[in-house]
């Protein structure tokens, strides 16, 4: 079956177990994460063929990452092997009034140092049913690689999705703006938040509430010739008590999701990626925009209950939450 | 001292540690549980002699279960050994908006396959001061075994308690109804909830609130010649935020407990069993109905803070909660 | 690429961690194992496409097993889902003078209860480059299923390999003998040991030492029209100190491996399966018999250093051991 | 650099991991704690030179404690070694409606049995920039030792701080009152709560709210010739949901902190000690009273998120919380 | 059934997990041990009713110990509760060339501080079928307590067994000698080694090898009017490689066991106690001296494979080792 | 007290726990190691003031490393903070016939990228009583930094020690030779092995056995004007069974140590560093060459029993081994 290809860096994530501080850590829990891989993993969990396209070192650390992706049912056949090191990041999980803290160590990774000639896009995208990337990919690697991929997508009619995902520690708005404006032009789906849409894409909102969101989505869709534009919202009542919601502008129709109050958060990393995967699954299933955005925001909410960067859940589980009355009963 | 004999299946419970999903589990925490054994364990913790009457395989797995019961002070001398396998169940603990999930693997267990001749009720119930079973027992084993036991109880004047505990995955209402109506007739204590009382015992409630509950209890007591009828209530505000309360109709007197708001739930399995044990302890101590139901619902609430299926607590600890002003101070 | 299809039951293995006794266990390490799956996993580690053909329950436990196989690079696309339960076994690891102990709980598993109509062999074996089974498969499931598979193999020219693997707790020699004699007839590779060859296949050895082994292999090859016959030998100096070796009769040529003294054994389960995988890899690579048997016995020896039932190693690692001078230096 | 010397007992704390009950414990997490050592550790984390002055046994257990203090950057050069045993305490962490429970086993510890001649205060306090003790120190050891220390402080002009910290299980108010009244006279900083101030120091409050607190502080300062008096307040909404606040009377100026709602509490032991350390740090930095008390109460609040008795945090982390708008965002 | 009563102190044993050094420990594995309790636990494992007679504190720590003994099937009904603290000891497990190290913290334990009036020997020994103590008991507690017990044993005809078990860190030979000479007089079984027999009992050996051992046993039996005398021997080839053997002089007959080479030792604490339990079991079963000593030394050898102080094994497991040919095969 | 300053890189070491393979790891044990830091830690354990001189990143990862060194009593006051990342390495521990494997990820570390101006050698070496480095330091950092340090040592009369420690993966013999020849000239102590002495220093041995070793040491001492030259020898019987020994040429006197057979190896990394620390301790204590080399090789042997890169032991423990008769008895 044709797979959605997700292109970006995947990192080894190391976090001290059981609420320990980094300065006291005598061990680390290890998972893997990266926005694009997170989307692929969630899609695979839903039953949608999904491939991670990345570059990993040839040795055991790269193989360990492939093994984890394989355990999630992600297609790893398009992963390039080689280069010097695995990108990694340290995560100290917060608690109560103490925030989580991330320390990146991703410089000079196999992916970041990859060159255009590493990527045979004709072969990689053979039979792909979609292509997904985020703004992190051109921030850490040569944007020309992504341009090469998008050229093939255009040629082959592969729909492209992009999560703007601006990370100010990786590049400045001055550098990111022109690059992203070029890359998102003509995508099928653009995911963005208001702040970054203004900063990078020069699109500012009018009005208040849903009107403001619709206006923003509509402008983005028009300006960047996107079929769909989606936005997620998060209200942080506290470190383990958030409210998440979203909206979707889908070929002219604007819909908002209901909000989810998420308490007792287990791991909030990757919520947005689960949302994007939920959208892509809804599009693939041919659902109407309301069902799609409800599913996607339920995927986001459910991600908060799952350790690691990736949503590990079936589509049925997400749908149960999307259609629940708010009670969470034991399933026997 | 004469013991309360609790008759039913006990299973090995396997749950992935630390919030991990079943599909990712590389290990399991192991405890033992079963409604009747849970009641016995809680009773033993209170200081009440209590015996588990069950059948366990002859090998190490059966011995491991006996060892755990022995560590809790439960009388294991009436356990029959033999048969082919240990019943077991897998529990994936929920978190936040993700519900807990149970997968049973109890078919063909030593208990389920036991035969009437395995049980020498005269010997087993020698000197028993009470007999307890739930609706799970006749659902998984030959109801004739239970009838044999009840006949001896009647003959010896041993008071019988029953928790209706209807499990739709084990048998249909059509099958369960006649069996349970026969078995609960003449018990000293009947524990039920409104839905199952209607479904299996054909008793429906009138009125609202406490009146409704009293009416239901009174009708059940009359119809099934029970001295006492009790009901528990649970309001699931979220997976780890519940409100529990209860009522008790005791020889003509109807009392309601105060409600407990239980947040930060550790393990909600077995709350109802702790409640039943609390009732039996109150009866044994000769307390008035109000004190009894308050103790019992405090036992239920306290269970939510303890890992595993069983309440591991002293009567003093339950009483401290039952008589507290709602603050939870460190005890030095 | 065409895969070697390995057909048999895979079980969840539960073992108390860190040398704890089963009767004291409060948790279990979980891996998966089964002779045929072990061969597939080792082959996948070598880089050889390998598929597990089995039946697993539809729920989370079956998915967890698929996930582990996927993490090892095993092709899971031919796994049938359905049936009631996962077969499982408990392993108490021995130490010093205390032997390891296995308790099986595999009755009524999805695989054991599968029926001929569950298996669409034409589809399953489409493009297979080999078929492997052991004597455990017909012992726990309907032998007619295996006969159906072998008929397709014959028709399609798919070479078949069989490890005799007689388990007296599963069936008697009287029952196993005729079944196995029929099934092994015409295989490409037959793996057996002397005791079971005599008991089930009626072939007894003459002479001493290598002559005896060669005679036995030759007779087996002739009598059962096998291209290749292999045998492994194990000398148990103590629970964690063994000597392993092997011999191979390959299309008329008889070769013996050098022996490996294996001390500090981590997990000896699955050593024989690693050996078989090593042979199949050698055949696929077109190596001469000596290189093949040396690689295979090195795979066996190396398996003893790896936790779980499966050899998790690259072909390069096995070759390093096969060609080493006996020292085990740190690789930097 | 000159260090603040914190004089008191430090104990090995043993607590069952992961919410397990003491009666079921098969293992213990081990940390070290004691009010004075907790203050020293928090000070060291802020970057303030701090020494623990205590007596520890000569063997491995004493060395293990020194090692932990050393890992936190605490000056251990003034620790006396010798005596018979390490004081220790068992902590069962509470959850939900189950309170935490502490069992002390500190009798006959090296510290408790130390004698006046063990302590060469001239040498110990050489170059000290401050001296801190709590009411626990004279409760468990000979108060004459403390008097010797205070005499040197007076002679050398070393400012003294004292947390009243009355523990009714260690001594009676009748015994503690005269001792503490003598010891706190003339301190630079006195930390107390209303109940203990009345019980031991004979000072009762007038008025309500902040007025009452100011009045109490002022009276204490006058009566006991203290430059500064501070008080902390805790409202226990539940076991893992508290509100903490504080006030400080500093050389005539009275200030109150904002309150912190602390949910999802990880470990509340040592919150008061973190507060005291925060005050001492503020004094050292020369901050105004408001900034000082805000920092100190933020240190208290932050401690609730950190496992163990000690605040392990930088001054920057505390300041971030003290100046935050109440949201707890991930730091990348 | 009548139980063998084992009288002595039981301690909480704390050891750093996984080979960690004490100075680096952040946690401890917790088991319970004491020579007499070890004998009782081993007996219970064999199927022999056995009671621990000791004094434990009234709180959770005492209850935790009772819980562990209950899990092993030991009769805890004769345990006195009260006193101040639990005795404990720290064990750093050795490895390779690093020896194990024990640090005791047993002073002032509930047992050590118990008084004669705590022990109602008539009640405690009611229906006892045997009484066992070691030289540690009078070393840590008032020997008059033991004399009281022995007087009841004599009166009731309860056979007494004693393991000399001299610990030089607890008392001097000058103090221990007269006490032990009085206590062992007239026992049914005396277990001793050559060095301590000379030091405390004034009996020295003649000859070499078995003759020497027989001479020593015979003299001890005569001098102290013992029916049986046994000795164990250990040759420490290295920390994890020992040879154990034993001899028994039983009512005139002298027998020696075969030696066991024990490699890969897991935990050697309690080997001698397992041996004594083996003897008592053999006597109870009415076996001849050779079978008895062979079983007992196999119990000793098997203990080395089991974590903790206590032999956790069935009589069948010990017999399998006693009758094995030296190979240690997996049991399926 | 004046400290021995050890100059080099220290890395975070990540190894899968409990014998797991890297490709399967879901977590890592974390320790810190580096040849020079290992020497400093061992010295601190012996009671010798020792400082690590290195550069670590400013954030939590650098602080975590400082914390571990502080827990070992190492002087961290001369550590420079700054730079981009922590060097790290992954270690898969071998077992049985499977060798350990190291994967370095140390490029671009704070230390490797440090510049000459980062190091104020006058200040760093103020009051130093010794300076130690290995050949790894100039391999990973600018050799000019080391030359600067050595110039100060010469000026201040600080004795210098060097372990040749050639790592072929870091630099070629062609590059390393001239650098090392210049750096070792005039050291007080040179540690080398025969192979690297030939390869880098151009010194080859004559004769056999001890004569050959003495000849080699003498030539090295003469050629490079070293007071002392030492060599260690390792015979790898298997992965967990080695024989270690050493020799020392000390100001004209040549001595050889006795050999240690080390079985059941826990962690062999850092054995050579423990040896070097042992030599430096012997020199400091003023011992004769024989006692010094015996202590040093015992330190090496003992290191094999301790997890991590560093010897964590007291001088007394090493001396007990150095003077033992080969038995390893429990210390009570």
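Chains here go by letter, A, B, C, D, E and F, matching the order in which they are written, and residues are numbered from 1 within each.
Keep this in mind: contacts are C-beta pairs under 8 Å (C-beta built on N, C-alpha and C of every residue); 3 or more make two chains touch, one makes a residue touch a chain.
All values reported here derive from a predicted model rather than from experimental measurement.
Q: Enumerate, in label order, the chains that touch subunit A and subunit F alike.
A: C, D
Q: By that same contact rule, can you tell me which chains touch subunit A and subunit D alike?
A: Per touch definition, common to subunit A and subunit D: B, F.
Q: From the centre of subunit B, which other chain's Cα mean sits the farthest off?
A: So the farthest one, by centre of C-alpha atoms, is F.
Q: Quick check on the interfaces: A-F is repeated by which of B-E, D-E or A-D, going by over half of contact pairs matching?
A: Checked against A-F: the matching pair is D-E.
Q: Would you identify the chain whose Cα-based centre sits farthest away from the centre of subunit C?
A: D
Q: What is the distance in Å between the mean C-alpha positions of subunit A and subunit E?
A: 63
Q: Measuring centre to centre with CA averages, how many angstrom lie between subunit B and subunit D?
A: Taking the average C-alpha coordinate of subunit B and of subunit D, the gap between them is 46 Å.
Q: Can you compute the centre-to-centre distance for subunit D and subunit F, using the mean CA position of each chain? Integer Å is fine.
A: Result: the chain centres lie 41 Å from each other.
Q: List, in ascending order, every residue of subunit B touching at least 2 other chains.
A: Touching at least two other chains: 18, 21, 23-24, 26, 67, 71, 101.
Q: Which chains are in touch, pair by pair?
A: A-B, A-C, A-D, A-F, B-C, B-D, B-E, C-E, C-F, D-E, D-F, E-F
Q: Where on subunit D does subunit F make contact in their complex?
A: Residues 66-68, 70-73.
Q: Touching subunit F in the complex: which residues of subunit C?
A: Residues 18, 71, 260, 262-266, 301-302, 304-307, 312-313, 317, 321, 327-332 of subunit C touch subunit F in their complex.
Q: Under the touch definition given earlier, write down the residues of subunit A that touch subunit F in their complex.
A: Touch residues, subunit A against subunit F: 14, 17, 21-31, 59-61, 63-64, 67, 84-86, 90, 92, 101, 103, 105, 107-108.
Q: For subunit C, which residues count as touching subunit E in their complex?
A: So the residues of subunit C touching subunit E come out as 18-21, 23-24, 94-102, 104, 167, 169, 236, 238-241, 268-269.
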